[in-house]
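Below: a set of structures, written as structure tokens.
Presented sequentially are two complexes of chain A, the first with chain B as partner and the second with chain C.
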Partner chain A sequence: MLSYVTRRLAALIPILIGVTLLAFIVSHALPGDPARQYAGINASEAQVEAIRERLGLNESLPVQYCVYMIGDTCLGGSGKGGLIRGDLGESIRTGFSVAQDVGARLPATIEMVAAGMLFALLVALPLGVWAAVRKGKLLDRFCRFISTLGVAVPDFWLAMILLLIFFIVLEWLPGPVGRLPIGATPPEGPTSLYVIDSLVSGDWETFRTAVKHLILPMVAIGFPAVAPILRLTRNATLSVLNSDYIAFGRAAGLRGAPLYLKYVLRNALPGAVTMTGLIAGYMIGGAVLVERVFSWPGVGLYGFNSLVNTDYPAIQAYVLLSAVTYTVVFLAVDLVQSLIDPRVRLK
Partner chain B sequence: MTARKYDARLIIGLGMFGFMVAVALFAPLIARNDPLAIDLANQFVPPSADHWFGTASLGFDVFARVVYAARHDLLIAVSAVALSIAIGHPIGLLVGYVGGWGDSVTMRCLDVIQAFPALVLAIGVLSALGQGVRNLILVIGIVGVPTFVRLVRAEVRSLREHAYVEAGRAVGNSRSKILVRYIAPGTVGTVVTQAAVSCGWAILLAAALGFIGLGVPLPEPEWGAMIAEGIPEMRRGGSWWIPVFPGIAIAITVFSLSLIGESVADLVEPTRRKSR
Partner chain C sequence: MSALLEVRGLEVGIEGLPILRGVDMEVKPGEILGVVGETGAGKSMTARSVLDLLPAKATVSFASCTFAGQDFIPPKARQEARGHRIGFVPQRPRGSLNPVFRVGNQLSGTLRRLRNMGRREAKDEALGLLRSVRITDPERVYRSFPHELSGGMCQRVCIAIALAGEPELIIADEPTTGLDVTIQAEILRLLGEVISERNAAGMLITHDLGVVADVCDRVAVMYAGRVVNLGTTAEIYREALHPYANRLVSIATSLDSGGTPREVPGRVPNPGDHLAACAFAPRCFRAGPGCFDEEPPRIDRTGQIAFCHHPVNAGEVMR
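Then we have the complex of A and B:
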């Protein structure tokens, strides 16, 4: 097992280097001049040139990449900065360190994605088991219809429809203003997940508003995930239901909820959880559109705004973060599966 | 279940998709209004007899725009998938059959490309290349290549072990002839299935890119961009018809493609039916 883990981790390194290279190339191929952006429209040519020099944009591209990766050693410096030292650089747009910027926005994305995946699981698991039990019946067909439809509906459109219904027509939930009403103080707490922080500190008022703001983004992010999880659960449940041990359990008098909860669902669960993990890994970077609809201050929106403003270090960090979470989640899923099923290691 | 049911799904899917294709082809006959006509006196008018789906800002007729947008979205999706197949299929055939270091290098490159969420990659590359229909096709097509390479490669690796391929080799066919005449035809089924699914996925990606303003340049109509036009109106509290109809058009198209993909998959791979 250990050698398998080492092998998989070693295989990760060239992929991640490739990812940094691709992120670098793409961000530097963007039209627009970050120095001019930084200097503002009234800056003189000399000022722009000075900024360009300071940001190191006058170096050749290979040198810039080298500086990005291993710091100022490339320029004969004392060895500061660089990705290998965990330094993501400084955002040209906000002036803060990129790590700080991303760190401030990551909890928002995590809160939304986690809530969305929880929603997807809560809907898809029971429905999937139920559909398998009623195989071929109306409910099963309905579930299949829903899951085919689920992948056909764009998440950003669903987000807008939800807003139309629950914010504009019914006025039950708040509009697209982010995690809390404009001007509200976020709750103090260790996690920066507003729902959890306000709950821990017993701030019920904030808790209620935070939950209200979270509901629609949660459904919009979670709904497209329902379809694949539902299908997987249904098929896994079907094969469990046809197994000998369930036949034995039934013969021994088990039925109803204990049978489904304890024996069927437990065996159908790993697949569904794996799938949820993969989707969540994808969503950390891929939630841009839903974040945009709800003005949700997450990493996706940060990445997009950086892109619009040709903010090289910030774009690279965002792209890197998306790719790394996705790859690492993928690896984690593989490793967990190889623990459960040792045959995977032999491939 | 009987085989007839699957035909029903295929027929419904093909019917719906055919309908959308017809809408795109005969757009000028279906929409009486000009999709680019500006009518400042009639902005944000709710659906009526004159404007079936209402009007948007500048008095754009939403019905005409939804209809004409089908041209852009379908053209982009179908061309992009054709591009993915044109690049991905031969590469998959070759690396799957030949193997060796070429195979390893190709797979590592695909790993790097697939490490990015497709949307993130597409946004980045498209911002670098600039807007426009041709670049959209290029980007969506390239993002879709790895899927086809992997699919075809896996198929080839299993096909090349088959007895009939060995027989072909035994009677003295060259390696290239084995690949083209014996193995390649066996990969067509999976590629067709994936093409339908990828096409739906390409429409969603094109709409997503349009939604964030990187799609077909305005004022040309495109479904994703039309949905985005609804955001500012939403804050002002209304004009539901602006985002609703283009979204329905996307959903119908992608839904029909999923139906086609599923039923073709069942036809190509009958063992799948058992779990149904």
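Then we have the complex of A and C:
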């Protein structure tokens, strides 16, 4: 198991090098001049040139890539910076180190995507099993409607509709101001996930507020994921229900909740897990727009703003982070798969 | 002696097509009843009706059905008997064990469910059950997943699961399907042994008449959704009244003696086919005009009954 994980992570390195190259080329091919944006509208040509010089943007592209990857040794420097030393560079827009920027925003995205995933699974798994058990009945047809809706509705549009209903019309939930009301103090805690930190420290007031702010983003990002997981779970459950081991389990007196939750769901799960992995990757992409709608201060919003401002190091870091997340999620899927099904062997 | 399980006038239809057309059958305490017939005769359907395990599309009706005196017509009564009073041994044992749980877990889970045992107690009992189905290394099998065991070993485990609730009746539905020929006889002998060791009764569904002769006390021969011949194994083997049963026996015995069996011409009717009054008439070499139009009468003779217009006469040599 451990050697398997090590080998998978080692195989990640060439992939990530490829990703950096791609992200570098694409970000530099974008229209826009970061030096000019950084300098502001009133800056003189000489000032812009000076900034360009300082940011190293006057070097040739291969040299810039080299500096990004292995630091200033490329320019005959003393060996500082570069991705191989874990330095993601400095954001042109914010002036902070990109690692610091991303680190500060990552918990917000994790909180939202994890909540969305949890929401999707809690809705889709039981409904999928239930729909299969009641195949062709009203509930099954309702589930088919939900699946179609989930595929058809884009997350950012759903986000706006949810805001319209629950914030503007009903006034039940807070508006798009981020994770907490403006000016509120975030809870102290080790995870920086507000819901968990406030719960751990017993700060009920903050907990309630954080949950309220989380609900709409959670549904907006989670709902589109309900559809594929639901459909997959339903179909997997149908084939499990027709299996010999379910017939034999029934003949041995198994029925009701233990039959469905233990025997059936456990066997229908592998397909759903694979789908969940795919969707987690999709959600990281979806987070960009949903975070934009809700002013959610996560890496998606950071990536978006970096893109708008042609902030090369930040864009590259965002793409890299997405790639790492994707591959780590897939590794996790394979590990979970081997835990669920003893017939799966990792090699 | 009154019957343990008594089924009268069992009719099953699937989507309007008749599958069972009035099955009468009973299993007496302590006996093993063999149910034989070609594929599609309704053997498995009969067994599954008793446990209310038919597909959802099936419609079932009994004229009467009792188990140890209890009315078995309400589906709930039949569902509650599963495992507790009636144990079931499946076809295709490898596919019948849940692939994601260890064998021991499935067996002890059954014990905890059916006999309200605690974890420890269930494990000890499970190992005992595995030993009682002649598994020599129960500890290893207990820890194994189904895909790590052979088909024969899986069937032993299934038998142990069927025995877990200390049932009064064991129904085995073609228990050797998909097993190597070499271990088929072993499994059937084992079934016969564990049933008689527990003073339970058995219903053994098979299309292998050779097997029936070794294990069963009585035999019911089914054809196209009905029992056409029913009697003690000795009588059926000596001289079955019904031409179909008679021919099946002669096929089985000529196979055993290395001869070339004479086949039964024609094919088994499919559900929904138009049937003659005696469904076997179109394939029967003794059939006369009456066979097609009039319900075959019940013929009672020592040790067996049959439904036939032209039963095989005593001493007659079947051609």
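Keep this in mind: the second predicted complex is superposed on the first by the 315 of 347 C-alpha atoms of A that agree within 3 Å, B and C clash if a C-alpha of one lies under 4 Å from a C-alpha of the other, contacts with A are read in each partner's own complex, and residues count from 1 in each chain.
One rule holds in what follows: contacts are C-beta pairs under 8 Å (C-beta built on N, C-alpha and C of every residue); 3 or more make two chains touch, one makes a residue touch a chain.
The structure displayed is predicted, hence computed values, not measured ones.
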Practice problem: In the overlay, answer first, second, both or neither for which of chain B and chain C A:Tyr263 touches. | Solution: second
Exercise. Determine, under the contact definition given at the top, whether A:Ser198 touches first (chain B), second (chain C), both, or neither.
Key: neither
Quiz item: Given the touch rule stated above, what does A:Asp244 touch, chain B (first), chain C (second), both, or neither?
Solution: second
Practice problem: Based on the superposed arrangement, let me know which partner A:Thr109 touches: chain B (first), chain C (second), both, or neither? | Solution: neither
Quiz prompt | Dominant toucher of chain A (residue count), chain B or chain C | solution = B
Self-check item: Contacts of A:Leu254 with chain B and chain C, given as first, second, both or neither
Solution: second
Exercise. Give one of first, second, both or neither to describe whether A:Pro342 is in contact with chain B, with chain C, with both, or with none.
Key: second
Quiz item: Can you list the chain A residues touching chain C in their complex?
Solution: 243-245, 247-255, 258, 263, 266-267, 340-343
Quiz item: Considering the complex alone, what residue numbers of chain B touch chain A?
Solution: 1, 108-109, 111-113, 115-121, 123-125, 127-130, 200, 204, 207-208, 211-212, 224, 227, 230-231, 234-235, 237-238, 240, 243-244, 247, 250-255, 258-259, 262, 275
Quiz item: So in the complex, which bits of chain C are touching chain A?
Solution: 51, 53, 79, 82-84, 87-88, 90-92, 95-102, 110, 113-114, 145, 147, 158, 161-162, 164-165
Quiz prompt | chain B-facing residues of chain A, complex | solution = 14-16, 18-19, 22-23, 26-27, 29-31, 136, 148-149, 151-154, 156-157, 160-161, 163-164, 168, 175-176, 235, 238-239, 282, 285-286, 288-289, 292-293, 303-304, 307, 315, 318-319, 322-324, 326-327
